[in-house]
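A, B, C and D are the chain letters, set down in written order, and residue numbers restart from 1 in every chain.
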Amino acid sequence: MTDYSIRPIPQFDRAIIAGAGMAFVVFGLLPMFGSALVVDKLTMLFIYIILAVTWNLLAGYAGLVSVGHQAFVGLGAYMMLRMVEAGVPPFIAIVAGGAVIALIAWPMAAFVLRLRAGEFAIAMWVLAETIRSLVMLDPYIQGETGRSLVVLNAYDPDMRRNTIYLMALVLAGAVIVISYRLLHGRLGGETQAIRDDEEAAGSVGVSTFRVKRIIFVLSAVGCALAGTLWLASAITFQPRTAFGIQWSVFMLFMVLVGGLGSILGPILGAVLFMTLQVIFGDFGVWYLAGLGIVAMLFALHVPRGIVGLLSEKMGREPITMQKLLNPKRT
Amino acid sequence: MSVLNVNNIICRHGLMTALRGVSLEIHAGEVLCVIGANGAGKTTLMRALAGAHIPDAGQILFQGRDITRQNAHTRVRGGIAMSPEGRRLFADMTVRENLMIAGENGQNGDWTLDRVLTAFPQLVPLIDKQAGGLSGGQRQAAAIGRALMANPDVLLLDEVSLGLSPAAVEGVYASLAEIRDTRVMAMVIVEQDLSRSLAFADRILCMAEGEIKLAGSPADFTKDQITDAYFGIQNEAPADV
Amino acid sequence: MFEQLLQAILQGALLGGYYAIIAAGLSLMFGVVRFINLAHGDLSILGALITLSLVQILGLPVLAAIAVMLPLMAVIGWLMHMFLFERAMKGGFLLPILVTIGLGAALQNGMFGIWGSDTRSLGASIGSLAWSSWYLPGGIILGKLPVLIFGTAVIVIGALHLMLKRTGLGRAIRATASDPEAAELCGVDARQVHRAAAAIAVGLAAIAGVFLAMRAQITPYSGPAQLIFAFEAVVIGGIGSLGGTLIGGIILGLSQTLGGLISAQMSLLSGHLVFLGVLIWRICREEKLAHGGWRAGLKAVLGLSSKRRKLASGDLS
Amino acid sequence: MNSPDLQSHLVARRLRKSYGSLKALDDVSFHVGKGEAVGIVGPNGAGKTTLFGALAGSFPVSGGQITFAGDDITHDPAETRCAMGIARTYQVPRPFLGMTVFENVMVAARAGGGLSAAPATDHAAKILEQTGLFALANTPAAALGLLDRKRLEVARALATSPDIILLDEIGGGLTEAELVQLIALIQSLKDNGMTIVWIEHILHALIKVIDRLVCMAEGRVLAAGDPNAVMQNADVRRAYLGSTPE
């Protein structure tokens, strides 16, 4: 019998993880000396990271491409609005408004997850539109006009900005850590097995539907949290923006360019996306058209994104979920 | 004169090698029957000849021209047509439409709808029925008729009698015999029925494990030689079966 | 009240013609090429905007503009299939979705860049057709344009149907849809057939776009909504049949106009709800078949399977 | 050896499965006793693999009933059947291509075997050793050759700790030496009490292990029983060779 052990995390990956931990602390201290503009931009970056990581969980690991997850971004924002209206303190509503979306996504999964690839993608989109129409029926939202989170104006602007910033930072960190931990456990293997071959996964005992449903609900909650944070920083809720298809395009861009189905990919993608937005954002629609073209080119020519290119250079993927067996001949 | 020359082709399905260096020659107007057990590589050979499977190595010459990398539809237009394994009729189209497609996209020649219906009279009452509703024998007749509509110089027929009732097999072979006796087109037939092959073919080819084990005129071999080659047994203890 | 209802039913049915045209293209791509093009709606708007420019800038008559635009759009469809879709299809089911949504974003924003954000319409260029109506007995008013659109839809779908049934290209398309390899073995060049299907699909989208621009205002961002309507019509009518697509379009049109009787907001919503209803019914029926009965099927859909699992006892040592 | 005292473990009664007008399974009844090894042969398109799919729950059947250890499992999904102890391999190997060999086996050990992380690791390592894959544990499944993919099929099925294993043409394409190893492995599984159903074209391999042989053709069972008797059966010879050469 050969003796063995599970190979420990490589040195380089540990360095990245330690670096990320330090970055987290530095970002945590940043409001003490960063300008309001920087804090705002970084808040947006964290929101993008949440979106990219959760969408990657769905598409990259479970193989479910949705172009309707704006439904949850919008719903999260709407829930928060309603909770605050009902008297919940806004900073609590940021988290609660996101979490409560799980109750909607759970029954929804029962139907949408039975659809095949392309149908799932568009059916999600129709659902997003349906939910937007339903939300617009709420008289409080005033149809297309929307509503503002006026309660937040009662807080000191700096305090408000910094609190939202810190919440975004913590939530982004939590989303990264939770998805990392989750994918390292049993669920991660099962999810990838489903992505690679759903029927074969079932035949080795993976409860395919249950696993997909868990991932679906998690991704919904992630998007909803991004939605609440976005509402908290933008203040105004307009159904057309909150439920807009642009969220899907952004998520797609970040994940594709960063690296679909990798841990680092969506984070790198979000950073790159934010950078591009700061530099080229002034070009308006041409910038957005460019994003579409770049996403298309990456999908066709660099399907594993920046992380794929990095892996080729390094000879292995940085920060994988791979578990390796270390044989020690005895 | 040889119409088709196959030189040492190798075909892989992903990681599995289905043909391990097969060479053969097909003469104009001759009938060649390919026999062998499941997994011997017969169907892959047929698909390689038809252009549905491009070989990983080797060469295929048709009337002296290299067609190794030519795709299936170009070969049909050049004069090689196949009735594939499983018939593969277009189920929601009528028999007439199934036949017309090959007629419209194949070579010109004297195989027309009328002639196919004369050769396969069982198709006459079915001509406007959906192909999906036909019985096994009718399907086979339609599939062979479809290949004939392309007016090929080489007609490839995979698994002719598989799944057919004895009466249907008789019917199909009666029609094939007429075509054979005109000696206009070469036929390559994959046939599981050994005695049928021996009776019908000018030459037989026995395959096992992706190689040709035996080739020649049926008269040249004993029954035991053929059965052994069929099961891929070479000078081993006789099998228990 | 009764008149209003009748009026709504008529309008809804006529509107269905428009949906059927755009849906027919989507359905053709899905049925023949097995490819879902998420930029289908945006291509429809592109066709409309090109027509608009030909009319308003070059001063072409509307029909001439359409005659110039249609072949152009068909060529665009052909080329897109050749350079984008064929490659995307090789990458499994993920890539087509990713590529076409990227294409959609590029098209929408590119069109915005070229044509600007103003809402536009062909309504002004088609004279009295845009607003004149027939007055039927019983107070029913029938707009000439909706009737024209519906009539064209029936003709276009009928022509498409005849083309598929009666012509060599049609047979080749159907054969390729049913079994691309068997079609190849009959001498059909499946790749060219796929490209031709893409060209026809984009052409249909463009016709629909022109009609949309005639009866309503469009913006570069109107495409996604059209895609959704097309998809809804296809699913309601059942994938793979042109007649079904027409019926699906009419049902969608009816649900929207009838919903519109309740309130303006209910119009789109009721269309979506009918679509979701059909989808849910279809899923439940599939599960019923798989699980041997409605109750077991419904339980399976909701994940309430009551069967207790036993752990395997056999272990090897 | 259709001995009546064998408790029937997995039983299929009058299974039907149609794809359009094609009857892939046409009233097939099949049973295997606990600890028994049954071989299945038949020409291409006989419905052998479809029978496996029906038994393992890969798709719903059009009619008929399947029971396992007395429970009706006709409408249970594949994962439930796997957890109950039915494992299958695929004729064309279907490894999880994005994962390593070890990870492939781990998924099966955890999901199908119901083991938690540490025991699953031990179990997986043991099975990798047993199937000769240990040295390849960290190789991506996509990089495996056909033979190793077939080994991985067996390893993954074994990792779910099954009572009964359905093996679909795992011997095809192997060299004679590899075949000997494979036969030894299957024999050892049988000796440890595992029930085995094995589809195989390589008759001489099959016959070394099995107690009973079933021959299928055109979606039906042509003959079943003692392997030699089945192979002498006139229907079987006709299905395989056509009418025998005179």
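Observations
The criterion applied here is as follows: a contact is a pair of C-beta atoms (placed from the backbone, for glycine too) under 8 Å apart; a residue touches a chain by one contact, two chains touch by 3 or more.
The model shown is predicted, which means the values in this text are computed figures rather than measured ones.
Shared contact partners of chain B and chain D comprise C. When chain pairs are compared by contacting C-beta pairs, A-C ranks highest.
We define each chain's centre as the mean of its Cα atoms; on that basis chain B and chain C are separated by 42 Å.
Inter-chain centre distance (chain A to chain C, centres taken as mean C-alpha positions): 30 Å. Chain centres here are Cα means. That of chain A falls 42 Å from that of chain D. Each of residues 91 in chain B touches at least two other chains. Within chain D, contacts with two or more other chains are made by residues 77, 83, 112-114, 160.
Inter-chain contacts occur between A-C, A-D, B-C, B-D, C-D.
Considering their complex, residues 50-52, 71-73, 76-77, 81-82, 84, 88-93, 97, 100-102, 104-106, 146, 150 of chain B touch chain C. In the complex of the two chains, the chain A residues touching chain D come out as 1-2, 4, 6-7, 185-186, 189-190, 192-193, 195-197, 199-208, 261, 322-325, 327.
Within the complex formed with chain A, the chain C residues making contact are 30, 36, 38, 84, 87-88, 91, 93-99, 101-110, 112-113, 224-225, 227-228, 231-232, 235, 265-266, 268-269, 272-273, 275-276, 279-280, 283, 286-287, 301-303. Within the complex formed with chain C, the residues of chain A that make contact are 59, 63, 65, 67, 107, 110-111, 114-119, 121-123, 125-127, 129-130, 133-134, 136-137, 143, 209-210, 213, 245-246, 248-249, 252-253, 256, 260, 284-296, 299-300, 303. On the chain D side of its complex with chain C, the touching residues are 60, 74-77, 80, 83-85, 112-114, 130, 158, 160-163, 189, 192-194.
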